[in-house]
């Protein structure tokens, strides 16, 4: 779907990422187990906000949500984004997806400047309730983006894919209900199932597990890792849970408070595949999460009032 | 506001709560510090679902969200409720608040059967976005329940209370914006501020911190503890975060999967006041959270498909 | 005034056990018909009494019983039915045109700021020109006949639907639109799956208002400009000074309107099962 | 769709189709008789009927070919012609026959014309012949017309308006007037008095364009309508039957009512006086010479 | 400010084009019913003298505005009542739908007897015809009130009156405004009809008497004035709407506009 652009930039990995600018790694981290070959993180930059700035409103009411953000997301990378509430994470994802035209700066998808939504991209919205269409059944909601004109799968195949995706998120058998007949957490999982069934090349997720219980959450984390591993899709994942950010990501980008910039970018050099119990007990994991937490907390304490 | 009913039931505390039925404690736990006197957990039962059963829909489409729930909430108690996604926590809170008439069974407020909303009760909804009125500014949203006819505070006093509540949840200075101009987490905090400014005697909270970052979350946890301590209000708190449930609660009720019953009720015998760092490193805390987690996870694994 | 639309999906019956519930249900069903019927009876009685005590001159406002008997004789005659047929034909044709133009144009105006900006002044101006006032001009263009009637029907009936469609577009949830955009859902499918269903509640309202407007004009046209139709039938009754017959035919108009609305409501209930205003019914 | 005044359709039998635009009023009996007695048929014409609601509506329909034949009262005709509409008179439609009266309820306290001062009078058409004639009549009888308010009331609603007291006096047309004959007194028995006996109330017309393009057809129509008028002038029963089938009014009522008269005398002189009176009261802004409108083959 | 001006200019583009087209096409017109535009405009100026304005326009405006205000009051309050109570709605539906389908012309006889020809009758008819669209829209808007918002208000013990004023009505406002806009057209139409059939002054009377006496230019001038009056009424409603629905426009038009 997404063709690699002609002007693709190949940058060698640097040991220490310059704050605010992280670069793609041409090589991959050593796999923990040699049996399961890991999908390499490509050297192609799929997504790149460049000096992004977003201001809401005009005049005296203007709020600069994002001051200046530049980073790069490589093909196949799993990028976690954390930052204080209201710092502009959702705004950032909306800009990356092409839904929101930045006030200044650019978003490059596969090296090309875009100002509209790109194909092959999917997003799980923070406002999951409102992103489900109340007039469609749960299954139809999942099928909705699949039934587009460009994809020519048969009706049957699409339905099966939707059912599979629903089963994967633990919603076997609710396909015929309407979204408003489901609980909050179930609705959120429908939104996730929709994104997964879509099989995007780039997946943007905005706090997708916020309404889930601990067990469902870790199940879905692992599901996401599995999908990421199997399809090699690029994932940008916004979360408030530092553990989750570190556990899932290849890299954690920490945003500052408003007006927002990239405060730090942490490479997560934990082996893959990861595992809820083993990975989280690794010394390196604890180190990384402490580091990330420190960065986030430091950020909070300097927050200026609105 | 809420008058103690004439037929109030006083039950002495039992050491081990019978699963599904917990009883009120006439005495209070020893305070950790003797300087700060703790509000006693009263012996009055303020809230009591009795053989509550809620079925959505009819005929073949019927879904029994809650099969049979009975428990008691005492005056001044902080009750945490955990359970798998879709088990009926929101449904339970709606029944407790009188918004939803149960299919069978009763809800007793101060010993009296009610089938409408009670005065002095407040609720933070899981769908916080939709519970804010888009046509009112943030401040007006917070003031909205205060401006009723029964409360005769002056305009000025109400405005001040709203501003204070907003500041407490870290939203100083956004009062003049509209809710939809705020980020998800900020909206959630507005909903919390509204409930706090209302100063209810009973506060029901449905995953109120789901969209907040770690720091904001722990800030608000402590704020809630402080308010609980100072006002002695009764709080029923639904969360997915076991740590949070244990850290905040006097008791944690674990719900089974659907059709839902009370699976267990854990008394949290941690000293108050609590503290993010000290309490969470207590051995007893770790014990309790492991026990609760075990109960929740065991519940998950037996879940039947829909 | 109590805001009572609690959410008692789960609440119906219950509590008192099954048999009581079944009996309650039957009673409820009976009430469903009994209450509106009694309201109608009261209204008819009120008219009857008004006429008898001479609040309105009885000569000109015959009592309800007289009107009803005139109505019963009238519906056995072809004359009325010819009028009904002609008016309903004009209505149906007019409604087809109204829907075919009103919904898409309204949604277009509501969706794109450019088309809206370009046309809103023009449309607002034309909109408030009542077709009836333009009659002299239209009359010359079409002459008396079905085309004139239909153009009057369309001119009068299109605006509610068009405006409601426009407002419906203004009320689409941006998150739903954003979702469709992000997933690369094409414009056409977005229209069919997001825009249209989202506008549906508004369109339904518009359709009901348009439906009666169109009917009113389908009937009134022949009253004002001649030709065949219900209006002509009324004019005929008026001409010969038979007030009972006149009111019987007015009654027939009202019944037609009632029928049209009930049909549209039934349609709406099917189409809007998901909507908040209909969820209770769907439960 | 407009301006096709010249097209003529033929029926399946080879007859020329004549579309008559008519108001279902007593005065249109001639058209009805010409149809029912086969006078049109005798001339090789097939007549169809288009129901109109106001006299003025006939004109655009004539001009755009929806109808070929119509009728206009003298006032409307003069007004149309004064605005440059090309029309031709091909005969008389009907004469007034002492049936243009102004009534008041018996219990209203109005007994003589002078009582009308300060009152509200309902007319079925304002600023037209009747209005002018009434003004003239009242002035002649020493009434100060500036003290009277004239309002428009639809023909069928006049009895109700009178009974409810919403107008103090009103022009009630027959046969409606007959239905309330016991309740009312005629304050002005015949407002057309000054134009002589049985002045022309309506002329039968065609569009000027049609007349020049199809003089032969027009002549045939003329012949058919003449026969009809002759019949109506001599046979009151034919009038009652025709009016009954035209308006649906019960024959009994019609027999008791005052009905218009019919004939073939154009009475241009008296009609021209009507036009002059309208000029006088400002209901017409240009003088019109009716004689110049008469169709000649 | 700049944006407003450009908005207006874009809005004027089409009307100006249409007017120009009309000017050109009509200048060669020979049919008496479609006089050249310049002549109409000249006629417009001639017809609408100060005296005419007070004798024909003012009465129309008064009955229009009074009737419309009554319609809004009746429509909104009735709509709210019907929207709140399913039972009430069901019970009176036969009556409301029956009345709603009444052609105004058919009601003139009744109005004539009750109010007599003139302004009171016009006001009554206008109010009657214009209240239905508002009533229907309001009822639908009220019925669609967001459940979570309502639940919020209920839980906090907000009084029914305040629930109505702050939750139900604002939520229904877009629908109410849509209904009001439709009602403007209904009101103007009814005014014209009432004028035409039973009055001796007013815009509709002017048009109908001009038509009946074949005064085509005056007919057009009257039509034009009716359009202007209607547009002014609509503009007034739109202005009110701008104010009332400020939040709504911004809320619904959030940043997705790419």
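By letter and in written order, the chains are A, B, C, D and E; residue numbering begins at 1 in each of them.
As a convention for this text, a contact is a pair of C-beta atoms (placed from the backbone, for glycine too) under 8 Å apart; a residue touches a chain by one contact, two chains touch by 3 or more.
Remember, it's a predicted structure, so these values are computed and weren't measured experimentally.
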item: Contact-graph separation of subunit A and subunit D, given in steps at minimum; value: 2
item: Label of the chain whose CA centroid is most distant from the centroid of subunit A; value: D
item: Most distant chain from subunit B by Cα centroid; value: D
item: Inter-centroid spacing, subunit E versus subunit A (mean Cα positions, whole Å); value: 50
item: Mean-CA-position distance for subunit E and subunit C (Å); value: 17
item: Approximate Å spacing (C-alpha centroids) for the pair subunit C, subunit D; value: 39
item: Centre-of-Cα separation between subunit C and subunit B, whole angstrom; value: 48
item: Touching two or more other chains - residues of subunit E; value: 31, 33, 109, 113-114, 146, 151, 153-154, 161, 167, 211, 216, 248, 254-256, 258
item: Shared-contact residues (touching 2 or more other chains) in subunit A; value: 56, 94, 98-99, 117, 127, 130
item: Multi-chain contact residues (two or more partners), subunit C; value: 6-7, 56-57, 60, 136, 140, 173, 178, 181, 223-224, 238, 246, 275
item: Interface residues, subunit A side, partner subunit C - complex; value: 94, 97-99, 117-123, 125, 127, 130-131, 133-136, 144-145, 147-150, 178, 180, 194, 198, 204
item: Complex contacts: residues of subunit A adjacent to subunit B; value: 56-57, 63, 82-90, 126-127, 129-130, 171-174, 181-186, 189, 207, 210-217, 240-242, 293, 296-297, 300, 305-306
item: Footprint of subunit E on subunit D - complex, ascending; value: 2-3, 54-56, 59-60, 63, 76, 79-80, 82-85, 122, 125-128, 149-154, 156-157, 160-161, 163-167, 283-284
item: Of all residues in subunit E, those that touch subunit B in their complex; value: 146, 148-149, 151-159, 161-162, 166-167, 170-171, 173, 247-248, 250-251, 254
item: Subunit E to subunit C touching residues, read off their complex; value: 7, 10-15, 18, 31, 33-34, 80-81, 84-87, 90-95, 97-106, 109-110, 113-114, 132-133, 136-137, 140, 143-147, 150-151, 153-154, 160-161, 163-164, 167-168, 174-175, 177-179, 181-182, 184-186, 188-189, 192-193, 196, 203-204, 207, 211, 216, 219-220, 222-223, 226-227, 229-231, 233-235, 238, 248-249, 252-258
